[in-house]
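Labels run A, B, C and D following the written order; every chain starts at residue 1.
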Amino acid sequence: MPGLVRICLVGAGRVAKVHAHSLVRHVPQGELVAIVDTSPETLQDTADTFSIDSRFVSLEQALESAQFDAVVITTPTFTHKDLAVTAAHSGKHILLEKPMALNLEGCDDIIAAAKDSGVLLQLAFMRRFDPEFQAAAERIEAGEIGKPMMIKSLTHGPGLPPAWARDLETSNGNLAEVNSHDWDCIRWLMFDNYQRIYVEAANFKGQARGVDTENFYDTALASIRFENGGLGSISSVCPCDYGYDARAEIIGEKGIMQIGQMGGQAVVVCTDRDQGLITPIYRTWPKRFEWAYIREMEHFVECIASEREPKVGGEDGRWAVAGVLAATASFLEERPVLMKEVMS
Amino acid sequence: MPGLVRICLVGAGRVAKVHAHSLVRHVPQGELVAIVDTSPETLQDTADTFSIDSRFVSLEQALESAQFDAVVITTPTFTHKDLAVTAAHSGKHILLEKPMALNLEGCDDIIAAAKDSGVLLQLAFMRRFDPEFQAAAERIEAGEIGKPMMIKSLTHGPGLPPAWARDLETSNGNLAEVNSHDWDCIRWLMFDNYQRIYVEAANFKGQARGVDTENFYDTALASIRFENGGLGSISSVCPCDYGYDARAEIIGEKGIMQIGQMGGQAVVVCTDRDQGLITPIYRTWPKRFEWAYIREMEHFVECIASEREPKVGGEDGRWAVAGVLAATASFLEERPVLMKEVMS
Amino acid sequence: MPGLVRICLVGAGRVAKVHAHSLVRHVPQGELVAIVDTSPETLQDTADTFSIDSRFVSLEQALESAQFDAVVITTPTFTHKDLAVTAAHSGKHILLEKPMALNLEGCDDIIAAAKDSGVLLQLAFMRRFDPEFQAAAERIEAGEIGKPMMIKSLTHGPGLPPAWARDLETSNGNLAEVNSHDWDCIRWLMFDNYQRIYVEAANFKGQARGVDTENFYDTALASIRFENGGLGSISSVCPCDYGYDARAEIIGEKGIMQIGQMGGQAVVVCTDRDQGLITPIYRTWPKRFEWAYIREMEHFVECIASEREPKVGGEDGRWAVAGVLAATASFLEERPVLMKEVMS
Amino acid sequence: MPGLVRICLVGAGRVAKVHAHSLVRHVPQGELVAIVDTSPETLQDTADTFSIDSRFVSLEQALESAQFDAVVITTPTFTHKDLAVTAAHSGKHILLEKPMALNLEGCDDIIAAAKDSGVLLQLAFMRRFDPEFQAAAERIEAGEIGKPMMIKSLTHGPGLPPAWARDLETSNGNLAEVNSHDWDCIRWLMFDNYQRIYVEAANFKGQARGVDTENFYDTALASIRFENGGLGSISSVCPCDYGYDARAEIIGEKGIMQIGQMGGQAVVVCTDRDQGLITPIYRTWPKRFEWAYIREMEHFVECIASEREPKVGGEDGRWAVAGVLAATASFLEERPVLMKEVMS
C-alpha cells in the first residue's frame, strides 16, 4: 500500500468539520494531520473533536512546522486567493471550498499558481459526487431525456448566513455563498456555458433579523440563457427557515427529469386526519449530501494518490464566480448581462 | 331520449346522501323521486337536502304511493333481506349496499327473488368503479404483473361504527361492515375465490370508548388462501382515528402493483424543519371514492336503461358474506376455516 | 326550482366538448341548448355527441333563432372580442375562454360591453376551481406559509398547438395560449400584481416539426417582479411530449407549498428492477383538471341563477393579457419590461 | 488511541464482502486481518479484493495462525452453531449472521458458549442500525403513534436463494433466510414477543426454475399474535424478481407509521406519457441497507473496544429462530402454532 495522503485543514469551521469527518471516518487512504484556524476557539474545538495535535493559527505556520501533501481550504471567500496561491507555491494539492474567489482575477491567480506549481486543484462542488446528481448527469449524457432545453436548479438554506457571507463586498452574497452549487450544476447538467443572465432579487426578512447590509437580499431568481440556446433558472432563498432544499428539474427534447426531493427519510406518520401525513424534510446540507461529501474527499485523495486530474477544477470554479458577477451586475443595474461583459 | 330512471332511496342516512348526491348532481339519466326512512328526523334531513317531497316511513308505503323503477337500499345489514326481497317482488331493480345480508340464506333469498322477478341486482362495491382500482384490475387482467401470487388489501376507517354495526348478531362486525370491500376486491383482483381463511382479532380501544359488546374487535388481520394457491390478507382497523385508508398491494409472478395511497391532495407544505412535510390524508370514504360513487350510480342507471346485467351482483355479495362468516368462525374458534365449511 | 340556465356553445372544438360534457353530465342546473361553429364538420361532430339539434354557423344566427341565457366562447383568441361584445350586447352572460383577447383594447371593449349590458363575464381560468389550487389559495390566504415571497408556476403541454396558436399575430404564442393559466395563478396566489417582466425564449423543436412561423418558441421562462417586491417565474414548454404538467411552488416567509404533481393515478407498478417503479403521469389537461372544469361550469351557472358576480372576471383576464404583452416585448427586445409600459 | 479491533471473517461470500467493505472503508477502529472460507475460489476472490494475506480454509487454522479479537460469521446457517461455539471458546467476540442457527438447541449452545467465555455476541440484524428503522423505533418508543396495535413487515428478495437456503433441512427456507429480519423487526417495533403464529405458503415459481426441494415455497404470509394482544404479519416473496423490497407499517392507537419505500433514488424521469414516471427501485439489499451495514459494524467494533453489550444479541436471534420454527410447523400442519409449543 502506498503511503497515506496527508491533509491539513485550512479553516476549522462547520464545513471543515464535515470534511474532517469524511477523512477520519470514511476515507482510509487519507490522513488528517494538521488544522489551521485564526480563531483559537474554533481551532481547539475542531482539533479536539478529531484528536489532532498539530494546530496552527496560519497556513504559513503549518507549512513551516508540519508535513502534509494537501490542504482543504474552507475559510471565508475573501481569503481564498491568498491561501490557495500560498498552498500551491508550497507544492500542496488543494481542495478549495466554493465560491472559488471574490472575482475572476482571484480565480486566475489560483489557477495559474496551481498550474505553475504542478499541484492538483479540486473545487468543492460536492453535488458532482452526490449519487443522485451523478446518476442524473450520466443518464442525461446517455441521451435519456434528449438534448436539454431548460434546467431549473434551486438551493434554499435554512438559516441566516454569517455577516461576511451576506455582504457583496466580502462574498458576493447568497447567489455566491448559497447558490455556487447551482451555478456549477446547471453548466454540468446542460453540458453548456451561460451566455446571458438576468436576476430579480428581494429582501423580505432582513429587517426583522437586524440585517442592514447594503444590497442584502434573501430571495433571488436568476434567469439564464446558455450559449446553445438552452434556458435555465436558479432559485435562491436564504434564510428559508423550512429546511435545506436542493433540487433540479431538467426538460429535454425527449422528456423531463427531476433530481432530489424535499423528503429526507422514508418514515411517514399520520396521527391527525385534519393535519395529514408527515414526512421528515432534509434539515441540513451535511445530511442531504452525506455521501457526496464522502465521495468528494475520496476523489480528492485518490486523484492525489494516482496523480490524476480531479473531475471538477479551477475552470468550473471560475465559471461559477463569473455567473455570480453577471448576476450581481444584473440585479444592481436592472438589466440582462452578457457573460462576455464580465469575462472579457 | 328515453325516460329517466326513477329511483327511491330506502334508508336516508350517511351513505344514502352520497348516493342521492350522485344521482341529483352527476347522473342526469336518473331521477331521485322518493325517500324512505323509519326515522322521521333522518328522513326529513335528507329529503330536505335534496328537495324531495315523496317521503315514506316504510318501503311498503312507498311502493303503494309512488312511481319508481328502482331502489337503492342503504339500511342496516339485518334489514337487507326483507327489503330487497320486497323490492324485487314489486318489480323494482335494486342497488344494495354491502354487506349483502347477515348470512348466506339471506343472500340466497335475495338472489332468488331478483331472478324470479326479473329485476337487476347490483351490489354497492364501489371500488369496482374507482378509476384507480378499475385501471389496476384491467392491467392485471392484461397480464402486466403476471399471475397474481399474493394480495394485501386494507380498509381502516376513522370513527367508531354505530352500535348495530359492531355487534356480531346484527352485522358480523367490522370485517363485514368496514371490510366487505376488501373481501370483494381480493376476489376481483386475484381472479379467484377464497378456499381457507384464518383470522386474528383484537380489541384495543373498545373499553375506553364504552363498548362492551361481546366479541367486539377493532383490529383484525385475515389470512386467506385462494383456490388456485394464491395468498391474501385483509387488514381491518376501525376506529383507526388517523383517516380513511383504503389500499391494496398485489405481487404477481412478474412484478408488484400498489393501488391507492394515503395522501389525498397534492398540496404539500413545510413550515417547520423539525416537523417536516405535510400532505393531506383522505379523511373520509365519500372523498376517497368520490368518482367511484358517481360511476357506480351511472352504471346502475345505465344497466336499467339498457337492460344489461350489472357487472357486480348477487354472487359477489354472497362471496363477501361467506368470507366474513368463515373469518368470524376462525377467530372465535382459533383455527383456519375452509370456505366449504360455511358454503356447504 | 327556478328554470334551467340555457347555454349556447360558441365554438365546438376540443375545449368546447369538455364544457359540454360538464354541462350535460354534471351541472343539472344548466342546459346545453345550442352550438355554434363555423366549421360544419366540427359543429356536426360535437352536436351529435351531445344530441343537440340547434346548430348554427354563426353567433348571429344563433341569437336570431334560439333562446338562451348565456354563451360559452371557446373560439380562437383573435375572434374573442367581436363574439363577446356581440353576446354582451344581446344580453347574454359570458363564460370566455383564455386568453381573453389579443390586446388590451380587446379586453377593454369586452369589459365595457358586459358592464353596459349588465351581463356577467367569467373568464375560464379553471385552476381557480381545481380542488388543489383552491385549497392552496385558501391556506395561503389564511397565512399558513406567511407572506408569499416567490412563486414558480409551470404549464408544459404535450402536443404542438394549431398554427394560429403559435403565431404571435393571431394568438401571442405559447405564453398566451398555454400559460394564461400561470399568469392568472401567480397573481391569484401572490395576492399581488406584476410590475416587471423579463423573458428568455427558445425554439428547439420547431424546425423538425415543420414550423417556420416567425418568432416561434417552444420553450420560455418568464421572470416576474410583483408590485410589493415578490418574485415569480413561469415555465413554458410546448410541445413537451412527456405529458401534461401543471404545478406551482410558493415560498412564503414561514415555509414552502407545492401544488400539483406529475403523477396522475395512484397505481404504481414495478416489473423490472433495472427500470424501476412506474406511475402514470397526467396525459391531458381535461383529465388533470376534471373537477376544475365541472366546478367552473357550476360556478358560472350558479352565478347566473343567483345573479352574483363570478369570482374570476374581466380584470383577471386583462391582467393575464397584459402580462403576455410585456413578456412578448421582453423577449423580442431582450430587456425587462415594466407593466406600466404596456398598461399605460 | 487504543489498538484497533482485529477481525477475522469466517465465510467469504456475498454478505462477507459487504462486511469487509464496511470494515476496510468505513470503520477505522476495526481492522480486517484474516479471512476463512472452505472454498478456495471464494476465499481468493474476497481476500484479493481487500488485499488480505492471512487466508485460511478453516476457523481452526485461523485460530492457530492468526491474531484477532473477533469473528464475523457469514457461513450457511447449518454451520453457525459449531463455528460460533468454537470462536467463543477461543475467546473471540462474535458478529453472527442471521438466522442464528437451525434450531433452539443451536441457539442455546451459542448463547451459553459466549456467556461462559465472556465474549460479546451480536446478531447481524442490520435493520436495527438503519437510520429509518432506528428513527422509527425511537419515535414509537416515544409514544408518537400510541401503543402499537398491528405491524406488517415485508421482505421480498429478487433472486432464487442457493440450494441450501431453500431446503427446510439446511436452512428452514425463506421465512428464515429472507425474513429473519422481519421476525426481529416486529418484536423490536412492537416492544413485545410473539405468542401464536399461523402461516400460509405457496410455490409459484419453483417448477419453472428447476426447484424440486420438498416443501419449497416462494410466497408466504405469516400471521402473528403478540403476547399483549397486538397483531402482525410477515410477507415473504423470493424470488420476487422486481427488486429488493423491505418495508414495515405500524398502526398504533394514535396513528400510523410507514417505514421504508420501494423508490431507491430521487431521480424521476418521464419520456413517454403512455408509460408514465419512472423512479429507480432498490435493486439489492447492500444498497438498501448501505448505512445500516456500516453502523452495524461500527457498533460491533465500538462494543468490543468499550466492553459494552451489543444492543442486539443472542436472545433476539433465538426469538427469530423460534418464530421460524413455529411458522414452519404451522404451514406444514395447517394450524396456528403457539410459541410455547416450540419454546418449551
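One rule holds for everything that comes next: a contact is a pair of C-beta atoms (placed from the backbone, for glycine too) under 8 Å apart; a residue touches a chain by one contact, two chains touch by 3 or more.
Model, not experiment: these values are computed from the prediction.
Comparing the contact residues of subunit B and subunit D by number shows a mostly shared set, over half of all numbers used being common to the two copies. The chain pair A-C and the chain pair B-C differ in C-beta contact count, and the higher one is A-C. With chains reduced to the mean position of their C-alpha atoms, the one farthest from subunit B is A. Centre-to-centre separation of subunit C and subunit D, using mean CA positions: 56 Å. Centre-to-centre spacing of subunit B and subunit C amounts to 39 Å, using the average Cα coordinate of each chain. Across the assembly, subunit B contributes 241-242, 254-256, 262, 268, 270-272, 280 as residues in contact with two or more other chains. Contacts from subunit A toward subunit C in the complex involve residues 147, 149-150, 152, 156, 196, 198, 200-205, 218-221, 223-225, 229-233, 235, 237, 240-242, 245, 251, 253-256, 262, 334-336. On the side of subunit C, the complex with subunit B involves touching residues 1, 24-26, 28, 51, 131-132, 135-136, 139, 144-146, 254-261, 265-272, 280. By the touch criterion given at the top, residues 158, 241-244, 262-264, 268, 270-281, 283 of subunit B touch subunit A in their complex.
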